[in-house]
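Naming follows writing order (A, B and C), and every chain is counted from residue 1.
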Amino acid sequence: MFQGPLSIAKREKRKIKAKPYTFLGIPYYVLLTSLIVIPLILIIFYSITIQEQGLYYKFTLDYFTQFFSEQEFVRVMADSIILAIITTLICLIIGYPLAYYITKRRPITQAILILLITAPMWINMLIRTVAWKQIFDMINPSLLGSDFAIILGMVYVFLPFMVLPIYTVLSKIDPLLYEASADLGGSNMKTFRKVTLPLSISGVLSGITMVLLPAATTMVIPRYLGQNRVLIGTLIERKFYDSGNWGYGAAIAIVLSLIIMIMVFFTKKLDRNKEIEHDEKT
Amino acid sequence: MKKRNNFLSGVFISLCLLFVYAPIFSLVLFSFNANRSLTTWGGFSFSWYGELFKSREIMSAVLWTFIIAVLATIISVIIGTFAAIALAKNKRLFKNIVLNLNNIPIVNPEIVTAIGLLLLFQSLRLQGGYGTMLLAHIAFCTPYVIITVYPKVKSLDPSLIEAAQDLGATPMRALYYAVFPQIKVAIFAAAAIAFTMSFDDFVISYFTAGSTGTNISIYLYTLKRGIPPTINALSTIMIIVVSIAVGFNFILTRKQYKKEIQE
Amino acid sequence: MKKILGFIVLSVSLITLAACNTNSLKVFSYGDYIDPQILRDFEREFGMPVKLIPFDSNERALTKMKLEKFDVVIPSDYAIEQLIKEDMIQPIDWTKITNLNKETSFPLELKSLLNDLKEDENPLDLLEYMVPYFWGNMGIVYNTEKVSLADLEQYEWDIFNQTNLPAVIYDSSRDGFMMALKHLGYSMNSNVTTELTEAEAYLTTIAKKNNVVFLTDEILDDMLTTKYDLVQAYSGDAVYLMDKNDKLNFYVPEVGTNVWVDGMVIPKNAEKVDLAHEFINFISSYEMALANTEYVFYQSPRKDVYEYMITSDDYAHLREAYQVKRNLNDEIFRYVPEVKKIVDDAWLKIITN
């Protein structure tokens, strides 16, 4: 194929134009490697090695076997995950209808409502948790320490994380689709099931991910509302700080990470669109 | 039928708002309590606000929270935006790998990220303090910046930059005039996200601040004799500041919205 | 443009950060364990700012001491023993501590405690490496309206196992095991596996009870309104609570308890050794010691202050907790690393029940 000098020059020029921008990414690549990838490798390293006689490191799976053999610790992990799942479900039950009803309002009202729901996120999470402790102390102090108090606290703190993604996705649904559905004879219920729900799945999944993870690992809420209850987050903290047992703490962290990653993986598989938006506070 | 639905949904929304704001209301109310109790009312007083400003520890914590958040936001937005631009121009495989790695701190529980960074700093014998805390904040904010800015950058028309360069602009100026105006909104959104994540952070700060670093969350968590009402005073002030900022933002966007409608 | 702005802000802040980390005397102690006014007075007199860094527990303090430099640290007896064994602290130059006399300045009970330690079969001369800061024992803070002295005298530590009233056990492996071992009649420094296992089982039984929780300093707030009826607490905390809530009293089990002393030590890598000595000396004067004990409520190591506190009419209502009556069954904690690990691991399992 004949390639005139002009077209060759153009292609050269296009190649040159792309290059200058790649160097922009260098600071980030450095950050990525040093502060994200290496720490992860370190965690894995510490969890599978044990320091013998000063400098020699020996490969070991002891930390993992130790963890699974400690009945109490396995139960703590199970408890943490179960509480997180309950919290997520409640957030979904409250958050989805909330987001849905908000979309039915006038645009201005919608903006105000969303602002009202998300503004508390700007207030420090510890302060918000402590506020609930103060309320419990006033109304019924014996509830402090119960699963109820912990779940309530978690729902309170994480609800906006569920409402926002669902609202974002719901508000983007073309209203003409509703009209079309109604025109085709669909009742409100049917429209919801066949139109709204499928289109909002990605938002729901995003919300689930954003509630489940922090809920399972929080250290703050079990401390203030659970009367110092030790859940998996606190367990890892204690292993690190109190016992100075880096390896054990790292192993627990990895087990936790894997479990959550598996859960997230399965929820992502449910999303046929494969495009999950991580919008949070926009 | 519609009216009834509206009414019911309105009730539901109101109940939710009540749930969200009940503790906030309680916080504010008891910040004016004359006695130390957080459960019984002792009369109206501003004394806790006075105590708040007198407390070296709290003021220092607030100041540092702010400083770290501002610095982390600026740095992570710069690094993240540039990275997003660089990635948009890159080959598919590399881009995908980087974006997936980028997701690690987002998908991982915060405590795992925190421990990783702690191990890193210990291994390098880095003294825990505000320096390490800042590094940690930059580390977890930047990915959020990227996932906010990158989609916007990707959706830009690549010929715009080419056109700018054809007209004689250097690559940097082409960026400045052709790209930045279009992604400005995404950058601001990213900055807002980064700031909130940093300002509100507890877990990562707690593990990477050593014994000298402190922020509001660390200060509260390590507090001994219970939470004093001075914290209520602090919260009330924060609420006021947030309300002003949010209200401001709201009025601005309304103005923008109205302007766009007129055009 | 943004880059330039960013760089300016960054460099200014880094400079500030650097500046902040230098000149000050770094004092590392329990949270809320020193009267802030004393620090201000010291700063004024010696012209050096004092940075007070809090720690949650001795264990965490020791971990942090390995990574950072402090000038004065205030850990507990067994932690000091560990620091000595690990060669992390330096001997105190007592010629610089003019406000105290090793022979005459301490209350009898404290003096005998330190002497016993020196003459133990595993001798430890704490005074070589530390200057006493606060001391005391551990006991049971109880609600006089719900708990009778007779019950306490009958059950002693076991009351936590017997009662159905809301109760608190101190969330610390040492103190929890101390209570169990003492109740079972063993030494709290026991390294006998069977004894430790028995103690662990005993604690697990108590942990399973619904009315028992594990807390530390939360009690200082909760007990202002008598949220619990039985609390395992340090004598200093008991003094504080009894001052604020007159329904409370303090009982020290005769079967034995832990008598402890916290001391000021100077790490080997401290930067301001002379000033550290000045600080220790400053805080050990009569005025400062009195102010400190009146603020923190823990027992002062100065004989004159201690005797003033237990004889003064102003503090008569606190005497029961402030006065430390040593009992032959009381022990001081020793540092036994193998046991510590077992106990720490077991504790985490106990409290997750």
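Quick notes
Going forward, contacts are C-beta pairs under 8 Å (C-beta built on N, C-alpha and C of every residue); 3 or more make two chains touch, one makes a residue touch a chain.
Small disclaimer: the values here were computed from a predicted structure and weren't measured.
Viewed as a contact network, the protein chains are fully connected, with every chain touching every other.
For the pairs B-C and A-B, the larger set of C-beta contacts lies at A-B. Chain C has its Cα centroid 38 Å from the Cα centroid of chain B.
Centre-to-centre, using mean CA coordinates, chain A is 15 Å away from chain B. Across the assembly, chain B contributes residues 39, 78, 227 that each touch 2 or more other chains.
Across the assembly, chain C contributes 56, 218 as residues in contact with two or more other chains. Note for the complex: chain C touches chain A at residues 56-57, 59-60, 63, 171, 213-216, 218, 227, 341, 344-345, 348-349, 351-353. Residues 14, 17-18, 20-29, 31-32, 34-40, 42-43, 46, 94, 97-98, 101-102, 104, 108, 111-113, 115-117, 119-128, 130-135, 137-138, 156, 159, 209, 213-214, 216-217, 219-220, 223, 233, 236-237, 240, 246, 249-250, 253-254, 256-257, 260-261, 264, 278-282 of chain A are the ones touching chain B in the complex. By the touch criterion stated above, chain B contacts chain A in their complex at residues 6, 9-10, 12-13, 16-17, 19-24, 26-27, 30, 38-39, 78-80, 82-83, 85-87, 89-90, 98, 101-102, 104-113, 115-120, 123, 135-136, 138-139, 142-144, 146-148, 161-162, 165, 171-172, 175, 189, 192-193, 196, 199-200, 202-203, 207, 216-217, 220-221, 227, 231, 234-235, 238-239, 242-243, 245-246, 250, 253-254. Note for the complex: chain C touches chain B at residues 2-3, 5-6, 9-10, 13, 17, 20-21, 28, 30-32, 36, 51, 53-56, 64, 67-68, 217-218, 220-222, 225. Across the interface of their complex, chain C is touched by residues 70, 72-73, 75-76, 141, 145, 227-228, 230, 235, 238-239, 241-244 of chain A.
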